[in-house]
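The two complexes that follow have chain A in common; it is paired with chain B in the first and with chain C in the second.
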Partner chain A sequence: MSAVVRVLDRRPAWLRAAVALVLLAVAAVIPQLGSTFYVSLGLNFLIFGLLAMSLDLIGGYTGLVSLGQAAFLGVGAYGIAWGLKQGLSADASIGLALLAVVVTALVFGLAAVRVGGITFVILTLALGQIIWGLAYRWVSVSGGDNGLPISDRPGLGPIDLTDSAAYYYFVLVIFVICVLILRAIVNSPFGLTLRGIKDNEPRMRTLGYHVGLHKYLAFVIAAFFSGVAGVLFGFFNLYISPTAIDFGHNGTVVLMAVLGGLGTLWGPLLGSLVIVFLQQYLSIYVQRWVTVQGVIFVLVVLFAPDGLWGLLTRMGRWLTKRLGAPPGVEPCLAERSVVGTYEDDLA
Partner chain B sequence: MQGFIEQTLNGLTFAGLLFLLGSGFTLIFGLMRIVNLAHGGTYLVGGYVGYSTIALTHSFVLGLAAGAVAMAVFGVLLERGLLTRVRGMPFSELLLTMGVAFIMGDMALAIWGGDPLAIHMPGALDRSSRLGPLTYPNSRFVILGVAIAVAFLLSYLLGRTKIGAIIRAGVDDREMVSALGININRVFTVVFVLGTLLAGLAGVLGGSLLTLYPGGDSDILVFALVVVIIGGLGSLRGAIVGSLVAGLLDNYGQAYFPELAYFTLFAPMVVILLWRPQGLFGKSTV
Partner chain C sequence: MLEIEDVHTYRGQSYVLQGVSMRVPDGTCTTLLGRNGMGKTTLIRSLMGLSPPRAGHIRLDGEELTGLQPFEIAQKGLGLVPQGRHVFPSLTVEENLILASREAARGNGDGGAAWNLDRVYEIFPNLRDRRRNRGGELSGGEQQMLAIGRALMTNPRILLMDEPSEGLAPVIVERVEEVIRSLRGQHLSILLVEQNYRVGVSSADHVYILSKGVVVWDGSPQELDAAEDVKHTYLGV
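Showing the complex of A and B:
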């Protein structure tokens, strides 16, 4: 394990809790800055951060990088839009949307987990395009190119969520809950099995693990969290259109995860922070934001294949070497990086 | 019935365009194992280069040549300049081409703007012919004709020439080819450039069939993926069958189930992928 991760992992629980609390405090202060721009920036970050982390569960931990993860965001957002249009209550619409996400994932997963490596990438791209195509063409249901409006944000008991700051706090709470669950999943025996499958699938099979079932579950769980992000996304924008789930946006989600570092959970969060920040800021000054995004893609692939998180851990490792390794660290663990490059399992 | 014949003709001619795109894509994948997501961008930029050349010189043939040659040069730069750096890492190659695809699409938007641009073929080719009760544009037959000619050329190149034999051997076992003393990297470049050249050519022809518009790159890329997945990666015969299936499915789907048009295209592809992951004519799995 490399230095920063080791520091974060080995330090007493109170320190990690303190770091988390500081980050949470920063997140909580944002609406108090009095600018709707920051609130919208924060909401974008939380929603796409959740989406990128859900991609990491299937891409980074299981070794199956999906190029169709935004499709599940789309199913979630279209689900609530359609439910509300039918006159269902907000709660029922959310239930319907998440059910639609899980059913879609259960069906798509049957196909997707049968293949691995590059075929999985192409297949999920195609599956994502099915959802996009339905959103684009199935006009009577999806509104076609014009998309669907989402009439209103539901209240939460006495709390009115129509105010964007209030909605921000609501999303923050959901986000934290989802992150805690995702973290629990990747650290559970189930999560370790996923990592085992990524590292050496034949061995896991020989050991008697039901590899296909694990992949299938990981696919569905990842899709579920993407769907949650979709519901939050829908109620944030109060509108959903096919553009949000097109090829480019599926690519952006992958970019967030890869830029941050696959298989680290926090890396994709960092990646989405950088991309959302650049996207919102640069698009003010630079018209050619997509080009910038493409250049980032190329640079990451060429120079930082294990992402920003990998760079950070390498920097930390370099620092600890300079400062001398802290006592009580087994050398064998120190050599083993948790930041697997994605090529290990696709080779 | 007349509608059905027209849809079939539309499907066949669209299949011609898809073949020009898919044959290069499938050869690049078969030999180099690269899923070139910049193939759609190459198509679109090739088309735009052709459009500008035609606007400048008023010669359709020069436009075709310019689109193809410009994209061949681009292919050399992409393959030699970037892809060699991540050789043998399929996911890095895929991501790299995706980044390049982003850049190409956005740059095309910056240079040629957001309005759809149509390329017109010269003289009689731009008019329609009567086929019994049907009036049908000649330009579509031109595309089908070019595709058939390219299919014959490619099958001659692959089946009857030395470089073709090397390419076929490379698709089967590139390590072995390399061990026999053949510079496989040079073969890689040749095939990659052949693919981008065909994509550029397809772009100019596609400009008359579909017009050129922002987003046209990812639209056509998805079709190229469908073609090679159905036909089998690395197989020329697969590319022919794949383009026919994709072209016809798409047109029947649009005509008879307009709301489910993409579904009618992708659902059969998913079924084929499940049943034969290597595609109908593919030899090896991905």
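Showing the complex of A and C:
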């Protein structure tokens, strides 16, 4: 028992790798269950998980919660739809879509990163609504209310992605690559800088950091990954309409991130799992699933303001403590009571 | 050398600095004393570009700093230990220090080895013990040490210290004094802003007194010690 506790407490690299492998194995098995429903559930989870994680880069790590993140998903999906409609190849359409996402983010970011706090939230909401408005009203380009069809999925060399299980594996690979990149970003010196900005912006300035530039970069990088999610989303549904990027969907992304726990990368992923499950699965059995979602959200915000991920982490710590870390094992620093006080200084 | 020449600064509607001139020569500790609300922190903010002066000049080794952004001023070599410490609460001690780490802008003020983690941990062994703890988990004294260490990590030409003794236990205030003395001994240029007379004077080479936005007196610590009327009128000691 004590050996188990010791391992759990220290969370060594091999344990994390093992957990990741198990999760990947679970993800890989889903299409083998033989139900297209589970494949669609999995695809929704991967795509919205990526979207929520990209929001976390700007919202959780930099402290700028964007209410317009789904708009970039929209630009990505509309980008491929429009490109294909113009008769471009699938590759060119994807390139065009991602370029459009980056250009949109470069323009929007100029305005957005000048402000902070609630002003940023409102401004990104407005910018997101601009994209929605264009999708809705610029009929010649976007097809308006009817949306745009996306003719078909491109093949990947000899691999045919028309089959939804094959497409699922393709999305899984892209998802894992994106997650690894996002993780590398948040663990890099750049990621540390973003956390510093979230903690204390003026202080970062007086340490010689060009805060605006860092926020701008974070905004554009986050938008890029949302755009990637958009491309995957478009080829998944083979259709894009303004409904997918309306105010409600922008809000849902924030809901996923906050529910899971901002600033943890894994939290928003967990949040998207819960929300996608509620929307796609519970909605079959419970007519008032939105109410259930609301109640869960209120409970989490009230009792676990750091989100489900934070709750899990704390529960893990409590369990380790309860089971008793074996003697001679230095407890994990996070669980040690460490808050220094004025009295400590006197001692 | 840091030269402050006839600086006028407003905070909102109020005219706080009404023509301040000072010099911080290389390798010395210059102290600015004054009661609460006399403009000490505003001067620091003006130097860092956080409250840009409306008129006047601030020069570092002859180079104009007025009009630059705070981050540019920091890159030129002004390192700030802010009032109230303001360490990054959710970052670990080590992350706080790494984030600040910067190559010296134009060689160190003290001409010695560059400041790095090891050197900071050497003068603040407590921080080494606490390196995995978050900034918000430290005691006030430890936070002050971290704030000083963080400013040193930027390898500043001039170290600005805004009330480093504020709100600390007497034993820690003594420790802060020791650190300032040791930094001065290494010929780091320091501008120390203090309300605490003893801390301000004990390690100073030259003292300025600020009152109602103007420098009302300057001289050596010995002269100030002898000038009972000055101390009484402007510092209340």
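As a convention for this text, the second predicted complex is superposed on the first by the 310 of 347 C-alpha atoms of A that agree within 3 Å, B and C clash if a C-alpha of one lies under 4 Å from a C-alpha of the other, contacts with A are read in each partner's own complex, and residues count from 1 in each chain.
Following the convention adopted for this analysis, a residue touches a chain if its C-beta (ideal position, glycine included) is under 8 Å from a C-beta of that chain, and two chains touch if they have at least 3 such contacts.
What you see is a predicted model, and the numbers here were worked out from it, not measured in a lab.
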Original post:
Which partner does A:Y169 contact after superposing on A: first (chain B), second (chain C), both, neither?
Top reply: neither
**OP:** In the overlay, answer first, second, both or neither for which of chain B and chain C A:A111 touches.
**Re:** first
Original post:
More residues of chain A are touched by which partner: chain B or chain C?
Top reply: B
Original post:
So, A:I130: does it touch chain B (first), chain C (second), both, or neither?
Top reply: first
**OP:** Report for A:Y209: first if it touches chain B alone, second if chain C alone, otherwise both or neither.
**Re:** second
Subject >> Which superposed partner A:T193 touches (first chain B, second chain C, both, neither) >> reply: second
**OP:** Answer with first, second, both or neither: which of chain B and chain C does A:F45 touch in the superposed model?
**Re:** neither
Original post:
With the two structures laid over each other on chain A, which partner does A:W82 touch: chain B (first), chain C (second), both, or neither?
Top reply: neither
**OP:** For A:F72, decide between first (touching chain B), second (touching chain C), both and neither.
**Re:** neither
Subject >> Touching partner for A:V258 - first (chain B), second (chain C), both, neither >> reply: first
Original post:
Of all the chain A residues, which ones make contact with chain B and with chain C?
Top reply: 342, 346
**OP:** Within their complex, state which residues of chain A touch chain C.
**Re:** 189, 192-193, 195-196, 198-200, 202-211, 333, 338-342, 344-346
Original post:
What residues of chain B sit close enough to touch chain A in their complex?
Top reply: 33, 35, 82, 85-86, 89-92, 94-96, 98-107, 109-110, 215, 218, 221-222, 225-226, 229, 258-263, 265-267, 269-270, 273-274, 277, 285-286
Subject >> Residues of chain C touching chain A in the complex >> reply: 48, 50, 69-72, 74-75, 80, 82, 86, 88-91, 95, 98-100, 102, 130, 132-133, 136-142, 150, 154, 168-169, 171-172
Original post:
What part of chain A is in contact with chain B in the complex they form?
Top reply: 65, 111, 114-115, 117-119, 121-123, 125-127, 129-130, 132-134, 136-140, 246-248, 251, 254, 258, 287-291, 293-298, 300-302, 305, 342-343, 346-347
